[in-house]
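Structures for review follow.
Below are two complexes that have chain A in common, paired first with chain B and then with chain C.
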Partner chain A sequence: MPIVVTSLCFSYQRGTPFEKKVLHDINLTIEDGEFLSIIGPTQSGKTTLAQHFNALHIPQKGTVLIDGSDPSDKNTDITSLRYKIGYVFQNPDYQLFAPTVGEDIAFGLKNQRLARIEIQHRVREAMAMVGLDYNTFYNRDIFALSGGQRRRTAIAGVLACRPKVLVLDDITAGLDPRGRDEILSVVRSLHSEQNVTIVFISSSMDFAAKLSDRIVVMVQGRIIMDNTVRKVLGRSGELRSIGLELPEATAIVHLLRAKGYPLPSDILSLDEALEAIDTALQKAGATKLWN
Partner chain B sequence: MELTRNITIGVYLPGVTCIHRLDPRTKIIAATLLIILLMLSQSYEAYAFFTLFTAAVILLARIPLSYALRGLKPMLPVLMLMWIFQLFLFQTTAADILFSWWIFTARTAGLHMGNLITLRVILLFMVTTTLTLTTSTVALMDGLNSLLKPLRLIGLPSHELVMTLMIALRFVLILAEELEKIIKAQMARGVAFDRGNFIQKTQKIFPVFLPLLINAFKRAEELIVAMEARSYTGGRGRTKMKTLHLGRVDLAALVILLFFTGLMLVVLLTTHPVI
Partner chain C sequence: MKTLDTLIRVNNLHFSYQTGTSAAVKALNSINMAVYRGEMLAITGQNGSGKSTLARHFNGLLTSAEGEVIVDGLSTADIKNTAAIRKIVGMVFQNPDNQLVNSIVEEDVAFGPENLGLPQDEIQERVNWALQVMHLENLRCESLHRLSEGQKKQVAIAGVLAMKPRCIVLDEPTVHLDPRGKRQLLESIVRLNREENITIIILTHSMDEVIHCDRMIVMNMGAIKMHGTPRKVFQQTEQIMLMGLDLPVATQLAIGLHQKGYAISPDIIHPEELIENICRL
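Let's turn to the complex of A and B:
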C-alpha cells in the first residue's frame, strides 16, 4: 500500500481574500511497513498533507496515488480506499459519538456492513490491541472515560477496520506522561507485530526519534528534511532554528560538542549518550564513569 | 472538504477603506434603514436602484464581489425552492396564465412575486454581509450596545442581549470548523454521506450531530469559565477602553444615506408595483 505524493500544492479558502497557501510542491513516498514521522512546528501543513493520504483532501494541484489509485479520478471508490488508510484525529471528541465504547468501535465496521459475528470479533481484537479490557470497557459510557482511555477508544475504532496504513495526528497532545507512554507502546506494537505502516505526526522530535525509521521535517508547507532519524538529528542547528526541540539525550550531547568534546552528532537515546561520553573519556585517559 | 470556504456571515474582512472606518453605529443604522427600504420596494426599478447602491458600497469597501456572492452559494437550493413555490402557489384573481402542467399552474403574478422575493432575500443577505464583513465583532457589539441603551429604561437587558448575539455570531465559524473536523473523522471511518436512501442518509446525521452538540456545550462551558475568571458580571458598571465617536466620515455617510433614502422614496412612489 505505498502512498506516492508528487508536486502537491494546496491552499485553504481558495478563491477568497483569506486564501492561504499551506502546501508547496510536496514530493513524498511512503513505503510499505515504514514507520514515518512528519515533524514540524504548528501551522507547517502536516495535518493538511496527511489528510491527503486518505482522500479527506483531494489534491488541488499535483497528484497523490494511494496504492496506485488516484482520488481525483471520479471512478475511484474513495470510501473503500479510506478503510485501508486509518486516520486518528488529534482530538478524540471529534470522533466518539456512540453511547458506549463497544458501539463506537463498531461504527466503522457497521459502515462496511460486516456480519454481526465478524464485528464482535474485530471489536474484541481492536480493544485487546489498545489494551482496553473487553469485559470492563465494552459497555462503559463514553463520558466515563479518562483522556487516555478516550484516545485509546478512538484508536481502536480506527484499528477495528484493519487498516494497512495508520495515520496518527498528534495523538500524544494533552495526555499525561503515563497515558502517552501507553499509547506509544500500542503504536510500537502495531508496527512491529501487525506490520502496519505508521505515519506519525507530531510537533515533538522526542517520540518521533524513539519510534520511527524515517523523519520528514516540514516548515511553512515545505519539506526541508527527509531522511533517517540519525541523519535528521545530526542537523541539530537547523532543527533548533525552526523551533523544534531536540530529544533530551541529543540535546545534551550537542551542548557538549559545542564545548569541544569529541562526540558523535547522531545520538538518539540516553544509553547511547552515556556510552559515547564514556568512550570519549577513556580515549582522553580518564577513568570509566559508569559500569 | 472545506466548509468554511462558503461562509461569509460573521466573518470580518479587515481593511482600511472609508466604509471600514465608519462608526459602527452609522453602519448599523444604515443597514437597518436599507433593510426597511428593501421591504418597501415593490417594483423592479426600485430593486435595480437599490442593487446599484449596494454594489457601490461593496465596491467602496473593497470587498471582492466574488467573495461577497460566495456566501449565497449554500443558500441557492433554498432560493430556488422559494422561487418555484411562489411561481406555482401564489394565489391571485388575475387569470393571466403563463403555462400549466399537471395540477400546477404558473401565473405571471406568481413569476413576478417569485422574482421579487428571491431578489429581496439576496439583497438582504448582501446588506447584512457587507455590515459584518466591514465591522469587527467588538465594534459591532459596541455599536449595538450604544444604540440599544435607551431601551434599558423599559427594562430590556441590552448589554446581555448584545453579548448573546455576538457570541452566537462568533460561534457560526467556530462550529463550522468543528463540523468539518467531525465530518472528516467519520468519513475516515467509512461514512459515505452521499450514499444510501433517505432513511440511511438521515441516520448518518447522528455521528456528526452528536459530537457537534457535545463539543458546543463543552465550548460554552469553557467560555463561561473564561468570562467569570475575568470577573464578568454583565453590563452594569462596565467601562470601555475605546469610546465611540462620530466623525466627519459618519456625517458624510449619513447625508449620502438620507439623500439615497429620498431618491428611493421617489422611485417607490413613481414606479408601479409589479403586482
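Let's turn to the complex of A and C:
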C-alpha cells in the first residue's frame, strides 16, 4: 500500500486575491510497513500534505497515488480509499460525535453496511488494540472520557476499519505524560505487531526520534530533509534555524560536544546519551567515586 | 523565594461539580496552600487532577461553600469583592480564542482597560506598555486571524496585562505551540515575573516550564500530594512517576551519571547546570 506523491502543489482559496500557496513541488514515497514522521513548525504545510494521503484534499497540481489509485480520477472509489488510509485528527473532538464509545467506534463499520456480528467483533478488536476495556468502556458516555481516553476512542474508530496506513496528526498535544506514553505505546505496537504503516505528524522531534525509521522535515510548504532519524538529527543547526529543536537529551549531548567532548551527534534517546557521556568521560579520564 | 508575603491564601477548600446529584464528582479535597507575592508557581498533575478547578478559585470564577480563598485580604465568597479580586488576579485560558474579542491586536489589548472606564490617555499608555512588555509592538495593527497560535497567546496575555493585575494565572500556556513558539512564550512569562514583578501561576504538564518556577505543587485526585522547590520535589523520583509526571531530562541524566559513580549531584534540573557539572569532572 505505498503512497507516492509527485510534484504536488496546493493553495488555499485558489483563484482568489487571498490565494495562499501552502505546498510547493512535494515529492515523497511512503513504503509499506514504514514508520515515517513528518516534522515541521506551525504552518509548514504538514497537515495539508497528510490530508492528501487519504483524499481529504485532491491534488490541484501534481499527483498522489494511493496503492496505485489516483484520487483525481473520477473512477476511483474514494470512500473505500479512506477506509484503507485511516486519519486521526489533531483534536479528537473533531471526529468523535456518537453518544457512547461503542457507537462511535462502530460508526464507520455501520456505514460500510457490515453484518452486526462482524461490527461487534471489530469494535471489540479495535478496543483491545488501543487498550480500552470492552466491559468498562463500551457504553461509556463520550463526555465522561479523559483526554487520553478520547484519543484512544478516536484511534479505535479508525482502526475498526482495518486501515493499512494510519496518519496521526499531532496526537500527543494536550495529553499528560502518562496519557502520552500510553498512546505512544499503542502506536508502537500497531506498527510492530499489526504491521500498520504509520505516518506520525508533529512539531516536536522528541517522540519522532524515538519511534520512527525515517523523518521528513518540512518548512514553508517544502520538504527540506528526508532521511534516517540519525542523519536528520545530525543537522542540528539547520533544524534550529527553522524553529525546530533537537530532543532534549540530544541537545545536551550537542552542548557537551561544543565543549570538546568526543560525542556522537546523532543521539536518539536518554539511554543512548547516558552511555555516550559515560564512555566519553571514561576516555577523558574522569574519576569515579565508585563503580 | 523572593518574599514570603502572601497574596492568595487557600484554607481547607473542598469543591464538587454537580453537587446534590448522583453524578457529583469531588474535584478538590481539603486544599491548603498559599501563593506568595512575586513568586513563580507551577501547579502540575495529570489531566483531571484538579489543577484548573483550583485555579478557577483564585479569582472567584468558582467559589465553594466549604473552605475559603482569600486574595489580598479579600474573601472570594463575598460577591462584593469579585470585581476587585479579578483586577488583582488575571486569567489566561488554554485556548486564546476563548478570550480574544476584537479583530485587531491593539483593540483587543485595549478591551479590558476600556471596560474599567479609564480615561483615554491611561488606556493608551497601558496598551503601549502591555504590547512593549510582550514584544508585540510591531504587530499592534495586525489582524488577529493572521497571527500564529503563539502570537495569539502573547496577545491574550497582553490583554490581561493591560488590566495591571498583580498575579496572572496561565492554564497550559504552551500546549499546541511549536518549539520556537514555546520557547518565546516561556521567555515572555519569565520576563513578566522577573522584570515586571508579576506573580505567575502556571498550570502545566511540561517540566521545561516547571524548572523555571520558584515553587511547584503536584496535585492528584483533587489533593496536593507534593510541594516545594522543583529541585527538592524532583528528588522524589518514585513519587513523581507515581503521579504520572516526567522528570526533567537534565535530572534524569544527572541521576544516571550519579549512579554510574560520577561526582554529579542528582539534584540538577537545568541543562546548563548539568553541562557545568560534567565539565568540572
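As a working rule, the second predicted complex is superposed on the first by the 286 of 291 C-alpha atoms of A that agree within 3 Å, B and C clash if a C-alpha of one lies under 4 Å from a C-alpha of the other, contacts with A are read in each partner's own complex, and residues count from 1 in each chain.
Everything below uses one rule, namely that contacts are C-beta pairs under 8 Å (C-beta built on N, C-alpha and C of every residue); 3 or more make two chains touch, one makes a residue touch a chain.
Keep in mind it's a predicted model, so treat the numbers as computed, not measured.
K.L.:
Under the stated touch criterion, which partner chain does A:L114 make contact with: chain B (first), chain C (second), both, or neither?
P.N.:
In the superposition, A:L114 touches no partner, neither chain B nor chain C.
K.L.:
After the superposition on A, what does A:A273 contact: first (chain B), second (chain C), both or neither?
P.N.:
A:A273 sits against chain C, while chain B stays out of touch.
K.L.:
Quick check on the superposed pair: does A:G148 touch chain B, chain C, both, or neither? Answer first, second, both or neither.
P.N.:
second
K.L.:
With the two structures laid over each other on chain A, which partner does A:R82 touch: chain B (first), chain C (second), both, or neither?
P.N.:
first
K.L.:
Return first, second, both or neither, reflecting whether A:S204 touches chain B, chain C, both chains, or no partner chain.
P.N.:
In the superposition, A:S204 touches chain C alone.
K.L.:
So, does A:M225 touch the first partner chain B, the second partner chain C, both, or neither?
P.N.:
A:M225 contacts neither chain B nor chain C.
K.L.:
In this superposed model, does chain C or chain B come into contact with more residues of chain A?
P.N.:
C
K.L.:
Once the shared chain is lined up, is A:G243 touching chain B (first), chain C (second), both, or neither of them?
P.N.:
The answer is second: A:G243 touches chain C but not chain B.
K.L.:
Going by the contact rule at the top, pick out the chain A residues touching chain C in the complex.
P.N.:
Residues in contact with chain C: 41-43, 146-148, 173-179, 203-205, 243-245, 248-249, 251-252, 255-256, 259, 261, 270, 273-274, 277-278, 281, 284, 286-291.
K.L.:
Where on chain B is chain A touching in the complex?
P.N.:
1-2, 4-5, 13, 63-64, 66-67, 70, 178, 181-182, 184-192, 195, 206-208, 210-211, 214-215, 218
K.L.:
Note which residues of chain C are touching chain A in the complex, please.
P.N.:
Chain C reaches chain A through residues 45-48, 148-150, 172, 175-181, 183, 205, 208, 244-246, 249-250, 252-253, 256-257, 260-263, 271, 274-275, 278-279, 281.
K.L.:
Enumerate the contact residues on chain A facing chain B in the complex.
P.N.:
Going by the criterion above, the answer is residues 12-18, 51, 54, 56-57, 79, 82-83, 86-87, 89, 91, 93-98, 107-108, 111-112, 157-158, 161.
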